[in-house]
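Shared between the two complexes below is chain A, which has chain B as its partner in the first and chain C in the second.
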Partner chain A sequence: MTDGDPSAARAGLRARAALRGVRVQDVALPLVVILLVVIGAVLKGRIFFSTANLWNVLVQASVAGTVAVGMTFVIATGGIDLAVGSMLAAAAIVGGHYFHGAGSAAVMAGTLVAAVGFGAVSGIAVAWLRIVPFVATLAMLAATRGIAQQISHQTPVALYDLDALTRIGSQRVLGIPIPAIVFLIVVGLGWVVLNRTRYGRYVVAVGGNREAARIAGIRVRPIVFSVYVLVGLCTGIASVLQTGQLASASPVVGVGLELDAIAAVVIGGTSLAGGRCTMIGTFFGVITFALIFNLLTLENVESQIQQILRGAIILGAVAVQRRGH
Partner chain B sequence: MTALLEVRQLVKQFPGVTALAGVDLDVEAGEVHCLVGQNGAGKSTLIKCVSGAARPTSGTIRLLGHELGAGRPGAALSAGVATIYQELDLVHDLSVAANIFLGHERRLGPLLDQRAMRREATALLTRLGHPGLDPDAQVAELRPADKQLVSMARALSRNVRLLIMDEPSAILDPPEVDALFEVVRRLTAGGVGVVYISHRLDEIARIGDRLTVLRDGRTVASNLPASTGLDELIQRMVGRSFRDVFPARRAPTGDLVLRVCGVARRPHLAETSFEVRAGEIVGIGGLVGAGRTELLRAITGLDRIDTGQVFVRDRALPRGRPDLAVAAGVALAPEERKSQGLWLDWSQVSNVTISHLRHLGRGPFTDAAAEHRAATAQLRALDVRPDDPRRLASDLSGGNQQKLVLARWLLHSSQVLLLDEPTRGVDVGAKADVYRVIAELAARGLAIVMVSSELAELVGFCDRILVMREGAVVGELRGEGATEEQILRHALRTAPDAQPEAR
Partner chain C sequence: MMIHREYAVVRGVFLALALLPPACRKEEPAKTDPAPAQPEAAEPAKTAAQPPAAPTGAKIKIAFSAPAADHGWTGAISVNAKKQAAKYDDVEFSLTQAATAADQVSQLNTIVMQKPDVIVVLPQDETVTPAALAAMKAGIQVINVDREFNDPGAQRAVIKGDNYGVGYQAGTYFASQLHCKGNVVEIQGIAGISVTNQRTAGFADAIKPCKGGIKIIAQQPADFAPDKGLSVMQNILQAQPKIDAVYTHDDDMAQGVVQAIKNANRDKEMWLTGVGGSKAAMDQIKQGGLYRATFLYNPTMAASAVALARLLAKGQGLSDLTEPVIPNLIVMQAQGVFQSNVDHYLQIGF
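The block that comes next holds the complex of A and B.
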């Protein structure tokens, strides 16, 4: 990554043209982030650069961003998980509805366990029942949303009285909002697991060439199963963040979350075909989206217009990447 | 009168490999011209060039005196050249009539004229002597012989002048073969020229008029009468061998390492038993589709087996668990190196260490330095070029990619090495290098099983040769008895079957 100086960015562009083997998405996304920061500085200098706003960007990115970390692993195997949004709501409701009386820790644990369980169901469906990931997780999308609404009778579970939980949404440590810290830690751990562990290598191996992986002695199915459990765990963490921010467990949160997470991963440069993935790219993909919507909100652009722009950005970014190959 | 098809000095080079090195072929109208040669002799490449599926590097292809547009299947089709491939290219979910007219449907304005197509389909099938085949039947539900008939009717529907048939009898029963020959005779009686490729040499005398023999991408005999004797044919197909490229080896005397007991996976693989000693190289010969790859995959547990058991140094391998087979020291170097053996966008290092990561890091973590050290040692030992372990596997030539796979199994201290066509797609020069590496591995005490379609390789390099046909081992050759002629005879069913000794 280069620094914020635009002339350095131009030099970077020229270096990219000169250096073969450097992939477009390796440098394009940091440049986009820099560009967005510059736009923000020009349009809304004072407000944009206030620490409150910059942390706000990270906090707003934290839910989708945490899910995107797990999604990177799923997509690295050539799979996809469309159920994360519904799973987020269902896990929140399971935690909030059944464990409200037992305190914050119990609510969080219940949420995490529920999300991991939902992920495991997807994983079994894909790895052992050999259902195409798109279909298996589409079914889970429908089922878990139903579970959320059934358990909650379509009404949010108020959790204002749980201090520790609501503090997650509102408090800061060393001046940094807790959701931002959690997101950064999850990204960091995700990077280590993907790039520095045997497991991460196996995930990429299975996504890159499943038959070669089998012949090399890797057990493919447990690996495929595990990535859905992993995205379940990340969704559970995101669900706790979401619940903490709202101070209630809601059955209608997370609608469209799968789109945000998948878009961030793909824009980051991870290939939907599997085998090529980058956690740093996912991080920048998340940040890019968060910055864009932060700027649009500061400019008072209506949310439905933001939705339209979101679709256009995804199309444009993926089209640019295609040309990069 | 001009010849129907006239191929002159056809050359086709792929990166690193010369598939055709000057082929001549003449086919007259109304004749069945047989094309014979070993696997890899260039038959498939030749017909791909003639049918326009591949663009020749140089040389000419003339149909009735007019040069065919090279590399354009559409041009060859409209000139009247049709090809029926081994894997029939039919759309299984469509009807017989829809398949026959695929790509040139009969139309009424913008709509399909189903009735005309049905009528014409029946007419074409009648011309082929099978008026009973229902044009509305789904192709998926037809028997293989009937599917072939649909392919031929499709060719006829395009006013074919030259019909190329690649191993048409391979999927047929004897009575169906008789019916096929009847159809071919009807076609040639109507003036169509047929190029007929078959591994079943006994068929040639029955159906062919003349024949051309290919070897190593060259025409070595042309326009022989189809009645040419089997012995002469086989000799011409085999030619001189290049025994001197094989490294000298001592006779193996090691312990029993691999024991395959009654392993079967029907219908691809009949019950098979054999054993291999440390330091021994056992060759597996046979035609493509004889079950050789299936045998290797069954041993490793990649495909489920119905019966039988595999033992490595007296320890039984659990069924259907390739990971445990690898852990027990069984290693496979697959024929499809690029799609099954390697991660092409990974570095050499990562390709070598993938099966050994457990021993190259601490706890769950990988250790890049340790990986680099371990992989580099193996890569240097096998002399992999370019000598830069960080280079991607896709940058390597075929021979070096093969060595990359071998380096992985060397690092993992494998005991049994299963090689599937280890020199396929490898330059002649680099082949000697691959042989040298395999010989070294045998000398280190590995038990090696090597599937090969190159007869010279089997005879010149292996201690013992098992010949497979139709999913079963039908002969075991060793010493003086192991000749290229003998392998072909067993593979082609012209020798009495010998039961391999079951010990």
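The block that comes next holds the complex of A and C.
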């Protein structure tokens, strides 16, 4: 699943790996997902396997999952974005507070533009001001949460009256909840851009070896800038999904979202060092966490057990991936 | 219920919020304070003995130290404190917010050096106690809001909400509305903190007389956050085919729970209650339907704390009480707000 490898050398490695057969780190996560599904079937067969619940798992995954798609690009360049949770809230508030009167479309557009704007600020800080991504986005984490609190006067903005927006939470298309559809589309587009476009190859090349990428004629800074804008866009989409489901824009949503997204990307097999990434892995990473949450809540297991399991899975998944190096 | 072993003097002055709108809190006007100099009280008494009086003309300096506004309620705490302070011409008010207990300790140390008359503290947790103790030792009176210090010498007065009472009032309401029979879901705050434990314990104790007739079929924390409330409830709705009512620990978080239920088209099947007294919650209670009640844990206590701080600095008591000094402990009433009485409380919704 190193479907983002750019260079011929790596492609060669991949070919050899394929010859040796399937690598353990490629199948580990799908196996965990299958295991979770089996556990679900045994414990809560009829409820767990209902189509309603399976869509529900995707809806649950949709917010963190959509963000994780963008996060995969950022991490592929060797960067990180800690601000996504706060950006999600700030974008929702910008959309809800300023554009409430102008209707659903305006709220959504305002949210998207705000999120892209925040991402662009991070991107400029990292690409041109050369601030380490961890620090730049840590600053944005604080600043955007503050913006959310300040604009909203620390009060949620009720948006019940916006029909089209709230339908995101309540309506289904072909029996599929809208957040699930959006999430799947974003994952699909993310996969195509990462694996089937020149831009995707550049992103991975910059993450793999910045100097080599520069010598090869890639303009590194715009690429680095662009991934933060991209994660901003994904966060904006996630923010619209969240706002639609909540029928209100709240300044306190998205706390800890960055960690959920990063964890999903990392257990999926994308390397924090950059240069090695997998969108399919990210998808399975997101689904793994959503399944754990779903199963344990169905069983009414105390939340601390969930935390322990999440920790164990992160450690286990990353340990398995390290074997490949 | 929280017990204050250390307090022997004034205990359990229960003040219903409704009885204490800002207008009633004004002390006797035109009581010019003759005290010419600020008493150098190096060790202010723990009991309500000798309040320092502010010099005439000089503004009363009140410093408010609060946790960062990480959810609706903490946000409203700061807003309420600021609003109340703005009502007084004779108060010089400053507000600091701390994201962690460690931040708050260092902020408090800085504040002490600026020598305000009174410091009002809503601590992140009890590890802030030594900083408050140091302020008292330096001769600055401390008023403790809601989360209590673990040393009685760390403050002159405590004003707090009643978490156990909130749970108990809610439990009593559920028992009567459900006639002691039904499936209840409990959406808690942050797992493992005393606020959550007490709101859960009060509820459990209040439904005990039903002898198991009210079943808590699911109990999960959602960290006081609407997005977590949404996703936790989405899962619970899958697992539970029959839910009669939902007890949530927070109005803000309840918003997510409400939407999960509505999005699943199950809002006719059950009803729900919150805690806090947010404006959004009260609006929905007034409308009728899914949101039946909320139990006040109102951030107006921060406004009252500022009023108390001013009285303390001026050496005055609460106007309708006999004592010439403010009480040591004030516990807010966990008043239930229902469709029948919501109009009464709308103005304090946050």
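Here is the rule we use: the second predicted complex is superposed on the first by the 299 of 325 C-alpha atoms of A that agree within 3 Å, B and C clash if a C-alpha of one lies under 4 Å from a C-alpha of the other, contacts with A are read in each partner's own complex, and residues count from 1 in each chain.
The rule is simple: a residue touches a chain if its C-beta (ideal position, glycine included) is under 8 Å from a C-beta of that chain, and two chains touch if they have at least 3 such contacts.
What you see is a predicted model, and the numbers here were worked out from it, not measured in a lab.
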Fit-or-clash call for chain B and chain C when the two complexes are aligned on chain A: fit
In the superposed arrangement, which partner chain does A:Val113 touch: chain B (first), chain C (second), both, or neither? neither
Based on the superposed arrangement, let me know which partner A:Arg214 touches: chain B (first), chain C (second), both, or neither? first
So, does A:Arg201 touch the first partner chain B, the second partner chain C, both, or neither? first
Report the partner of chain A that touches more of its residues: chain B or chain C. C
In the overlaid three-chain picture, which partner chain does A:Ala139 touch, first (chain B) or second (chain C), both, or neither? neither
First (chain B), second (chain C), both or neither: which does A:Val37 touch? neither
After lining up the shared chain so the two structures overlap, which partner does A:Ile181 touch, if you call chain B first and chain C second: first, second, both or neither? neither
Based on the superposed arrangement, let me know which partner A:Gln304 touches: chain B (first), chain C (second), both, or neither? second
Does the superposition put A:Val252 against chain B (first), chain C (second), both, or neither? second
Minimal inter-chain CA distance - chain C and chain B, angstrom: 30
Please output the residues of chain C touching chain A within their complex, sorted ascending. 69-72, 75-76, 78-79, 191-192, 217-221, 223-227, 230-232, 234-236, 238-239, 252, 255-256, 259-260, 262-263, 265, 278-280, 283, 350
Quick check: in the complex, which residue numbers of chain A touch chain C? 44, 47, 50, 52-53, 56, 59-60, 63, 149, 153-156, 158, 169-170, 242, 245-248, 250-255, 293-294, 297-300, 302-304
Under the definition above, what is the set of chain A residues touching chain B in their complex? 196-201, 205, 208-209, 211-219, 275-276
Residue numbers of chain B touching chain A in their complex, please. 300, 302, 322-323, 325-327, 332, 334, 339-343, 345-346, 350, 354-355, 357-358, 361, 364-366, 408
